[in-house]
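Given below, in the form of structure tokens, are the structures.
Both of the next two complexes hold chain A, though its partner changes from chain B to chain C.
Now for the complex of A and B:
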């Protein structure tokens, strides 16, 4: 029986649930003599630094201390892109609140904070620009003064795409539906904030950065380039990482400063970010505005789509993917799983005096899915059609399909997931219940969201974005040790996903060992092959593919050795239950026996076979689409604007599920973050650029009390776009949930003529919409005392 | 997010505690459950030079039921102890209903009744309850003891009470509500356990089909808890009908003057006052 497809309990969990996981803060606590850092940050969103005064004798670093150190800058090779450079510490201008201005090193974090308070930074505050639309006004202050902005004030990317006959499609339409979508600013909020410890060893001249991070090799390369030191002098280690969701993907200024300071002081310095710093100045996410116009036929067919997308990317870019990832992904993938021939889109990135944006679980897709799904529901209501019917009319059913932008979509189950969801929620029964509730003045609603999640894309897909640094492939180095167990060294960098367990299952199938006999080594640039890390729902597809390929190579080697000694053909050797056996016989060799021989009696190996049992494989796929349909059932309290989620149903198609329990865990976590996006989490900045949500009193992640049971059903559509058959599933939950929730709220409030297009849909926002729609008192107040 | 340096003192007697407060005055801060103070210290919003931990001071953790007309809750009684409805009659019901809304479970395990009153968060449940019931706040310093009416105890400025720097809040005397009283509590917060955006506490004395007396207090609408006097007047002496409840709720919404914040504008809060007062009164009259 195959190990693939079994919900094996994760090998990673016993240490984590028993408190034995070692995170960077634990590493720092246990490192004798580690010093601690605190950053002095700009209190204002825009200004010019006049002077920085440090207390006498304190160990304080400013931009001046780091002369000769470069800036952080990643580029896209496109004419419509303006690269932005990030200094390691602000040197002249400050461009967002919380921007690091100085680094203070002391014996403990508390002492470092004491000293940081005594550093006097004199900043001449200037007028900030916070809103993306306002920033493009020619009279708005330039965030990067002196930088040429040929596409408009503060416009750093202006990408366009259009098919030839859009206007004809709009002329032919029976109904043109226009909507505006606003997704406010968020923080990915990993439970562990960022943190790193830079240890410089004067003996070897090497510096080790232990860091909460998703891309250890990329971080090493960036450090080497920025600090101008050979990569071999640097080592990046990622211990346990307490969630990342994209926030730990991009190179932080703080980590670079830490390494630079540790090398200057010949010491070890730890910086463990606190929650307020994290909310203020780690990386923010979302902050998109969409204007869509959809041309529909009377029957609900989508004939054309015209979109204008603006992403507020904050004050700087990110490294390595750049701010371009947000608007360009939106441009390329907006039409989603709906058949569309005529499409025009303009997608811009605008720089403002806010914290820079980094990708967050789903990147642009939670918002573009929200935009498309709200368009479909709005069109359905306008045309007097059932939203499910409009989806049926437009969903892609024949594969391979090519989006208007040329993006190929491999086989998926878009319609099947929708139909299964309709059944799972008992749509007809719900509509009856909804009517009964309406008679009592209650507002129930249901919302669907159908989407594809482009996952596991390799170098060619990233190259299409014209990235100077083009990620994509993964390498696995696999070795059977003399004792017969297996070590897999991977370039992916799992941080909570359970990848080690899933890869062990793949290898167990290839090699005939127990999954427990596989050790997966990752997150150490001295021990793992160069790779891109874990992000973009790629690891099971790409690192999984490389693992399978390496497993096949090692299996072939084991078979060849066994065949040689058993005087059989390699084709007749089966690797099962820890042995290499001649098929149909009881003749065989135990794998540890082969392993001993390969390592310790290599003179007995066949022919010119090299000693040992080490193989390597690289996998670089074109990419695939997983897909799902989400359905949310809500009740809206019209008197408070509160939304109660009654049910949340997910019909997910992730292709071959190597470990279905892990797939479900990914969906649960993703949906929870999607619900957070839809209803709760918002970074609020006042008109002066001050963050008002600087603690978890005000930035509100939902807890278990607010999240319903998430009911998951699995469909598996086979693809040959991935050699394991697996499709990535890390982001889908977060992508589909906001649209399902906002569609459900809009369905609930449809009797009042309300369409909800702004997220999070907070109680105060909803209550305001309800008050505008119903100026008089509402149901409960009228029935008060009843 | 580390506190500024401070001295920690853990007195073992009341005299010692009061002596420390007299000695250090404004520089000292009393630590009870620490559920608000310690985070505030970590944010460096509170920077006491001396922390006086009253955990070992005897006698402050009692609920005194000896007096038939009242219940005295010691300053260090934990939120959870009141949630578990150990007090008979409508007062016990109101304490239990209200207690469930105080923070999250771990906060209720450690946080204290007296600590919440002394901290005086404008949206705190216990402050509104004390105000609704005209509780007596028992304060003591090295110079002697005094009793303050709850509505005088809270200043109309957030986190401000009339407690002198050298005074310790000893306990709170609440009136036992007889069986003719009905009680209600309604709160709106973004998530379970969050501070209220608006909360309403109602205690209503029935006289047949009429309301003899109504006590209504609100949280989250001003610098401290407030009594909704017009709403009380609109209901007292009237028949308990949906119309009189609606009139009282409308009066409450009319008489408050809330300010807005990121969780709700002033208008939204005023709007919620009407809904929360309606719900609390409906519960009290049920």
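Now for the complex of A and C:
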């Protein structure tokens, strides 16, 4: 029986449930003699540093201490891109609230924080620019003074794409539907904030950075480049990582400063971020505005799409994917799973005096899916059609399909997931219940969202974005040890996804061993092959693919050795239950016997076979699309603007599910973040650029009481775009949920003529819409009146 | 700055622990830094996320909001005290079997919260249990499998 497809309990868990997992703060607190750091941060979003005064005797680093150290800068090689350099510590200008200005090192975290409070930073505050639209005004202050901005004030990317016959499509349309979508600024909010410990060993001259991070090798390369030290002098270890969701993907200036200071002081320094720092200055996310115009036929067919997208990317770029990832992904993937031939889009990145943006679960796709799905529902309402019917009319059903931007879409189950969702929610029954509720003055609504989740894309996909640093492949080094167990070293860097368990299932199937006989080594640049880490729903597809390939190579070696000794053909050897046996016979060799022979009696190996049992494989696929349909059922309280989620249904197609329990967990978690993004979570900044939501009293992740049971049904479409058949599932929940929720709220409030196009749809926003829709009257009387 | 340290003895998981701490030091930091018990995690340090939940005289508390010097003469229980040697506590076993954790960072807090409520109220109903579990934040699981795990442990632990 195959191990793939079984909900095996995770090998990661026993240590974690015993409190024995080692997260970075645990490593630091168990490290005798570690010193601790605190950062002094800019209290203002824009200004010029006049002076920095440190308390006498304190160990304080400023930009001046780091002379000779480079800036953090990742580039796209395209003419519509203006690279932004991030200094490790602010030198003359500060460009966002919370920007690190100085680093203080002391014997304990408390002492470092005490000293940081005594550092006097004199800043001449200047007028900040906070809103992306306002920032492009020629009279707005330049966030990066002196930097040439040929595409407009503060415009750092201006990408365009157009097919030839968009205007004709709009002329032929029966209805042109225009909407504006706003996704406010959010924070990925891993429960473990960021943190790192840099330990310099003056004996070897090497520095080890233990860090909460998703891309250990990338971080090592960045550190080497920025600090101008050989990469071999650096080691990056990612121990247990307490959630990341993109926030721990990009290179933080704090980690660079920490390594620089540890090397200057010849010591070990830990920095554990606190929650307010995390909310203020880790990385922010989203903050997109979309203007869409859709050309529709009377029957609901989408004939053309015209889009203008603006991403507020904050003060600096992230590294390595750059701020370009947000607008360029939106440009490339906006049409989603809807057949479309005529498409025009302009997508800009604008720099402002806000915290920089990094990818967050789904990156642009939660917002672009929200935009398309709101467009479909708005069009349906305008045309007097059922939104499900408009989706049926437009969904891609023939594969492979090519998006207008040329992006290939492999086989998926877009229509099937929609039809299954319609059945699961009993749409007809719901409509009856909705009418009965309306008669009682209650506002029930249902919303659908159909989407593709582009996953597992390798080098070619990233190269299409013209990235100077082009991620993509993953490598797995696999070895059967003399004792017959197996060590797999992977470049991916899981942090809660249970990848070690799932990969061991794949290898168990290839090698005929038990999953528990496989140890997966990751998160240590000294021990794992160069790789790109875990992000973008890629690990099961790409690291899984490389694992399967490596497993096949090792299996071939084992079979060849067994065949040689059993005087059989390698084709007749089966690897099962820990042995290599000749098919149809009881003749065989135990795998430990072969392993011992390969390592310790290599003179008995066949022909010119090299000693040992180490193989390596790399996988670099073009990419695939998972897909799903989400359906949300809500009730909106018109008096308070509160939204109650009655049901949340997911029909998910992630291809082959290596460990269905893990897949389902990813969906639960993703949907929950999507619901949180849709309803609750917002970083609010006042007109002076002060963050008003710098604690969890104000930034509101949902609890168990806000999230309904998520009803998941699985469909598995076979694809040859992934050699394991797995399609990747990490982000889908977060991608689809906001659209389903906002469509449901809009459906509920349709009697009031309200379309909800802003996320999060907080009670105050909904109340404002209701007030505008029903002036000087209660919602109930308006509903009763028509 | 450095205040004078106070000597006190904490009782943690049934064992006496002599520590000398500044009066301002939280119970969480003391457990982690002075007792070597780093299973108690800090997620927000302002009493919202509940990752640092430990039991003080069997009641769940946010150890980031309590000072160590408040803890003389009380019984403190942390995640490290749940298992009996190699045998996992039913709540730990249930989280493992029902995928009640992903990254595992918030898990110790949830385990202690659930342990306290199930010990005090073995027959607690689903609705109320959900409300209790809403004391803590998890960012990975969407709570569903945490709730399933605690239901399973409730059935297991019922006398």
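Everything below uses one rule, namely that the second predicted complex is superposed on the first by the 776 of 786 C-alpha atoms of A that agree within 3 Å, B and C clash if a C-alpha of one lies under 4 Å from a C-alpha of the other, contacts with A are read in each partner's own complex, and residues count from 1 in each chain.
Quick note on the criterion: a residue touches a chain if its C-beta (ideal position, glycine included) is under 8 Å from a C-beta of that chain, and two chains touch if they have at least 3 such contacts.
If you're wondering where the values come from, they're calculated on a predicted model, not measured in any experiment.
Visitor: Contact-wise, after the overlay, does A:12 reach chain B, chain C, both or neither (first, second, both, neither)?
Guide: A:12 sits against chain C, while chain B stays out of touch.
Visitor: Which chain makes contact with more of the residues of chain A, chain B or else chain C?
Guide: C
Visitor: With both complexes overlaid on chain A, does A:114 touch chain B (first), chain C (second), both or neither?
Guide: So A:114 meets both chain B and chain C here.
Visitor: Quick one: is A:274 in contact with chain B, with chain C, with both, or with neither? Answer first, second, both or neither.
Guide: both
Visitor: For A:20, decide between first (touching chain B), second (touching chain C), both and neither.
Guide: It touches chain C, and chain B stays clear.
Visitor: After the superposition on A, what does A:56 contact: first (chain B), second (chain C), both or neither?
Guide: neither
Visitor: In the overlay, answer first, second, both or neither for which of chain B and chain C A:498 touches.
Guide: second
Visitor: Is A:703 in contact with chain B, with chain C, with both, or with neither (first, second, both, neither)?
Guide: Touch partners of A:703: chain B and chain C.
Visitor: Between chain B (first) and chain C (second), which, if any, makes contact with A:680: first, second, both or neither?
Guide: So A:680 only meets chain B here.
Visitor: With the two complexes superposed on chain A, say which partner A:695 touches: chain B (first), chain C (second), both, or neither.
Guide: Both partners, chain B and chain C.
Visitor: Take the contacts of chain A with chain B and those with chain C, and give the residues found in both.
Guide: Dual-contact residues (chain A): 110, 114, 274-275, 695, 697, 703, 705.
Visitor: Using the touch definition up top, name the residues of chain B that touch chain A in the complex.
Guide: Within the complex, chain B touches chain A at residues 1-5, 43-44, 104, 188, 190-195, 197, 240-246, 249, 261-265, 268, 271-272, 274-275, 278, 281-282, 285.
Visitor: Within the complex, which stretch of chain A touches chain C?
Guide: Residues of chain A touching chain C: 9-10, 12-14, 16-23, 25-26, 29-30, 110-111, 114, 189-193, 240-243, 245, 272, 274-275, 495-498, 661-662, 664-665, 668-673, 695-697, 701, 703-705, 707, 709-710, 733.
Visitor: Tell me, which parts of chain C touch chain A in their complex?
Guide: By the definition above, chain C touches chain A via 1-2, 22, 24-25, 32-33, 36-46, 48-49, 51, 78-80, 82-83, 88, 92, 95-97, 99, 101-108, 111, 130-131, 133-147.
Visitor: Touching chain B in the complex: which residues of chain A?
Guide: 108-110, 113-114, 117, 274-276, 639-640, 642, 680, 684, 692-693, 695, 697-698, 700, 702-703, 705-706, 762-764, 767-768, 771, 780-781, 783-786
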